[in-house]
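Please find one structure pasted underneath; my questions will follow.
As written, the chains take the letters A, B and C, and residue 1 is the first residue of each chain.
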Amino acid sequence: MPGRLNVAKADHKFAASNQSRRIQFIVVAGVLQLAFLIIFGIFVRYDSAADAKYIGDPDVVAKKRGWSTIVRGCFHLHDGKITFGVMDLLYSDFSCVGILISYGCVLGKLTPVQMMIMAMIQVPIFVGNEYLGLEIFMVKDVGGSIFLHIFGAYFGLFVSLVTFDRNVAGHRSDSTIYHSEIFSMIGTLFLWMFWPSFNSAVALQDSRLRGVINTYITLSSCTVVAFLLSAALTEDRKFLMMHIQNSTIAGGVAVGSVADMQLQPWGAMLIGVVAAIVSVTGYRFLTPKLEKIRFHDTCGVNNLHGMPGLISGIASAIACAVASREMYGDSLFVVFPAMAPANTTVTVSLLNGDHEIKTGLGRTPGTQGLYQLAAIGCTLAVAIVGGTLTGLILRLPFFDSYDRVTYYSDEPHWHRPEDGFPDRFTQLIYHKGETQVVPEHRVDDVTLRGATYEVKVNQAYELQEAN
Amino acid sequence: MPGRLNVAKADHKFAASNQSRRIQFIVVAGVLQLAFLIIFGIFVRYDSAADAKYIGDPDVVAKKRGWSTIVRGCFHLHDGKITFGVMDLLYSDFSCVGILISYGCVLGKLTPVQMMIMAMIQVPIFVGNEYLGLEIFMVKDVGGSIFLHIFGAYFGLFVSLVTFDRNVAGHRSDSTIYHSEIFSMIGTLFLWMFWPSFNSAVALQDSRLRGVINTYITLSSCTVVAFLLSAALTEDRKFLMMHIQNSTIAGGVAVGSVADMQLQPWGAMLIGVVAAIVSVTGYRFLTPKLEKIRFHDTCGVNNLHGMPGLISGIASAIACAVASREMYGDSLFVVFPAMAPANTTVTVSLLNGDHEIKTGLGRTPGTQGLYQLAAIGCTLAVAIVGGTLTGLILRLPFFDSYDRVTYYSDEPHWHRPEDGFPDRFTQLIYHKGETQVVPEHRVDDVTLRGATYEVKVNQAYELQEAN
Amino acid sequence: MPGRLNVAKADHKFAASNQSRRIQFIVVAGVLQLAFLIIFGIFVRYDSAADAKYIGDPDVVAKKRGWSTIVRGCFHLHDGKITFGVMDLLYSDFSCVGILISYGCVLGKLTPVQMMIMAMIQVPIFVGNEYLGLEIFMVKDVGGSIFLHIFGAYFGLFVSLVTFDRNVAGHRSDSTIYHSEIFSMIGTLFLWMFWPSFNSAVALQDSRLRGVINTYITLSSCTVVAFLLSAALTEDRKFLMMHIQNSTIAGGVAVGSVADMQLQPWGAMLIGVVAAIVSVTGYRFLTPKLEKIRFHDTCGVNNLHGMPGLISGIASAIACAVASREMYGDSLFVVFPAMAPANTTVTVSLLNGDHEIKTGLGRTPGTQGLYQLAAIGCTLAVAIVGGTLTGLILRLPFFDSYDRVTYYSDEPHWHRPEDGFPDRFTQLIYHKGETQVVPEHRVDDVTLRGATYEVKVNQAYELQEAN
């Protein structure tokens, strides 16, 4: 038959390749799940003490952050909080956040199996770096901007660099549609609303409400400037949804490491302004340039997490260096435990009563500031090396990567439902060369015949020709 | 005019039938609302003691569960929490959940009036069965898997069986579209996130955080296995949204009755695995078979609530039978009040201090396990008989049921808005046989004339022919 | 070329006008943000005492409501909570709500710059009126129905009146589509769920749970009656989404001022019934009439906020006038601080212990009722005068208002993404006069040529003609 497309052979090849990827997913997910079940059965028990303690007790926060926590955390996108108590659940969720940030760099480009393996490799590196920073360096990072956002962003970016394929950039399917943009705003709103709680979840005592207030002010300020710059920096001076969805919440990242510190409202506001500037200009000018040197960043993670995280880290170094007893009162040693005297315990009076402070390291504010910078450098190094190595592993032939026709597509792994209402389509039918509008409940079935639709009308309401 | 469809008469008949259904709704809803207003005015007052007590006080939980509670609860889909205090609000919400589960079996098949009457009949049956189980049998069911999920699922399934019409199965409108599937994931995410709170809302003392942790682990484990099996059990090894939306949260049901017990992380994980297996295989293999024997289940309630509920019930019997003082410490009598000594009060030391425990029944763990099984059997019997009778009532001619053309349709009861943006459609117009793209703001009105659109251009920007 | 539309000139004019609006936005937003940053830097500091106090402490609620609070509040849609402590954040959010309500009247009709300036003018008027009512009149308004809802609604309505242009009414773009209506229900659900918390956020002591319960009952009752009337009052007896989205939550407004008072369940229920009646009849009959006399109300704010707010105000006058020591017990002076003795402090026993009550004004219940009425009248007057003046300011030529082609359109200020999936469109292609369905991943690019699409097939899967 002339004009008929001979697509059978190509289809078969396409289907076969995806079929092997799908079976790989089933096998790898199954093996991992079984392994975790066995490991949990043998090693993991409730921590009955932590069970009854709510978030906010410094003892619970401080203990139990050794190598054992490496098996803890989120191993898949949807799963695998290995946990002992409520604080462990919380820290596992934090690991999850770090991984999800990295996922943003490679979304639509790696297969589910590659993403699972990536998370498996990333978790111990993440936990190790966090352990080094929080326990050894005793660095302040209440909202995780250093250990979650910087780490996640640059780990993901280097995985993306190493697994780069020239077909992922400018791909036709890497675009957006109206309903999808509106839908995404739910995510932005929820992140906005819950960011103050996120940034103050592990803050202690008097500093917790400060964490809420600082984050709130930063986000507000960031939102206005993000709108302003989104219009100012595009050629036709119109808002771009990408900026509104992402840069309006960059302030939450940029205030993360310093949320529980004495910023004063103007300080929080200033951080928001800087975050918005960096984020919108990043999307507008930096991302296209990075793409050219193979740093392809599907969700613009560098602009929402990477650079705002760096701002937060630098801000935390400054805020630590200028901290003083005059500024914080007795809560200084609660906010900065490493500044507590090394040899004697002191009793401080906080708003909810007197507390005895554990011995610290007797650090000066300046030293604490340097440690903050050291943690940033260390996190960057670990993320870059870790991401590069992980990317190399993910390029092994075993993984059967996506190719040009499967990038950014639901097709290889999802049953895709119809785009439009199945019963609406038939409201407009062609009958003997004339268009007729018929209510949907009249129509039993519609078949495409050449360029017209053949409509089978249901028996209850037979169509009759008038004359 | 040849080719013109003579649809006026049939339309009239269709409209008349729906009109009577709509008027019936107005009358029934009005009468019920008026009745409740009068009943509330005469009988219902604040419980000022409960007013000031927060959830978690055993006294409040235990009291006031008599026949008076039968008028309590949710009488409509959206309404009617008759309540005295905060705990009553909570238990009314629980009744609501039970009814909404049943609604899942009959959605799109019963008229609003039938659904209102169904709820009116179901609430007293639900409350009676719950009273029998919680107060007389003293059964443990912290997350309501037995009294909410099993009851709701099989009540609804038998209503569906009795009201079955061969036209509901495989109906053309019982299908889905892309945006709708994505939108539904919001529901799945919220259920996932809030399920730990739901399962621990009425847990007491030390067992509350255990409820959170167990539910969290079960859901995580269930999610991974649901993805895995969704791919493994479909012919082309692709994920099916139906599984992802439903089976990923089946673990929340399956851990419901045992959430506050000593499962250990591996136990919670195992329950999640079993829940996912049962749920996905249920959707894949069991639901089509059940449909053939007239158990039509619109939302697959049996796979998300029915069978996972049974798993939870059986797990609770086992967990009760192996409970011991060694395992629970002093909190044994808090978690299992029926095991407390029958004659003397004991004082136990919990994490938040010493508490005097009310006298119980001196039950052994084994006996408690048998009572759990008895409650399952009893709930199944009540649900099946109640559902069958309710279904028979709903088949009375009074109700003017839906028919083939109105199933699963918004049409009979809703003003349905347009599917597409009214102003976008006109961007592409045909002008003198040639296609022209015109910005939307140029177009005043569009009329369908035969197979082409007649476009009225607005005056501000007149179209001029160039030559 | 004949048939070609000469649209270039008109387009240019259209673009130029919007361009100036967009630049105006950038300048105004920038100047305001800079001004706030400077004001914050000079004037605003943490209130370290409030920092550590949670909501519910009467001292915090009562103090600091002077002129200084005028700079506080929300200055833009997304921004600008100027704040000192947590209570200030809360009250700033309240100001925001008032402004967002007013925005509902003018949405799609004012430019972003006009809306920013409107908020800038409205905030000090709002705060001044609230200060007069809460501090000088000592009026009860726990859920803000008087100072938020009445004020916001009539302020916005008079801005809309003054800025009225005959083209805004019945505009073709002021319509709705299916996905948008469904999406909006998320908002309705969230407002429904969180309204009990909103109405009891600033309630004190024993009255907080009463606030939750009353609001819950009112919303439930309102929902049923709204459904009932939505069907009863439309000609074809079908539900209208507009009623379901808005009138079902009118009860939350109508119970706002009295949520913490002794309504009894039947009282709360009755308020819900009245709210639904007023709201649905308002949408059905009043709004079209108001539009004719130039009160164009984009979102029907008068029906959701205005009239239900008036009901709440009147209900509060009645509830205050009948309040007595018998009804409230010792908590009378907590709920109505103005009724506390003027000269001596009294100690009252509440459910959580004994409290010393601050001296009040020794008001009688009747006097308190009259003050409630006075506050309503005062709020209406301030809103009407303020809204009218604001509207006059917004009509200044400086503002470059929208015109007929730009009302209700994303076009002037947003990059608008495509409506449909870019890669799906090509699944159905015309090849040599015959329709062929080709999987999306086959197609590289699609171009519109006359009435048909020219499809460029990707190289990996070349199309071959069979013969």
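Quick note on the criterion: a residue touches a chain if its C-beta (ideal position, glycine included) is under 8 Å from a C-beta of that chain, and two chains touch if they have at least 3 such contacts.
As the structure is a prediction and not an experimental result, all values here were calculated from the model.
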item	value
Fitting chain B to chain C on CA atoms, where both chains share a sequence, rotation angle to nearest 5 degrees	120
Residue-number overlap at the chain A/chain B interface, same or different (half cut)	different
Whole-Å separation of chain centres (CA-atom averages), chain A against chain B	30
Contacts with 2+ other chains: residues of chain C	178-179, 183, 186, 419, 421
Touching residues on chain C, where the partner in the complex is chain B	1-7, 10-11, 14, 172-173, 175-183, 186, 206, 209-210, 212-213, 216-217, 220-221, 223-225, 227-228, 231-232, 234, 236-241, 248, 262, 264-266, 269-270, 273, 351-352, 403-406, 409, 411, 419, 421, 448, 450-451
Of chain B, residues touching chain C in the complex	15, 19, 22-23, 25-26, 29-30, 32-33, 36-37, 40-41, 44-46, 51-52, 76, 78-86, 89, 178-179, 183, 186, 412-424, 430-436, 438-442, 444-445, 458, 460-467
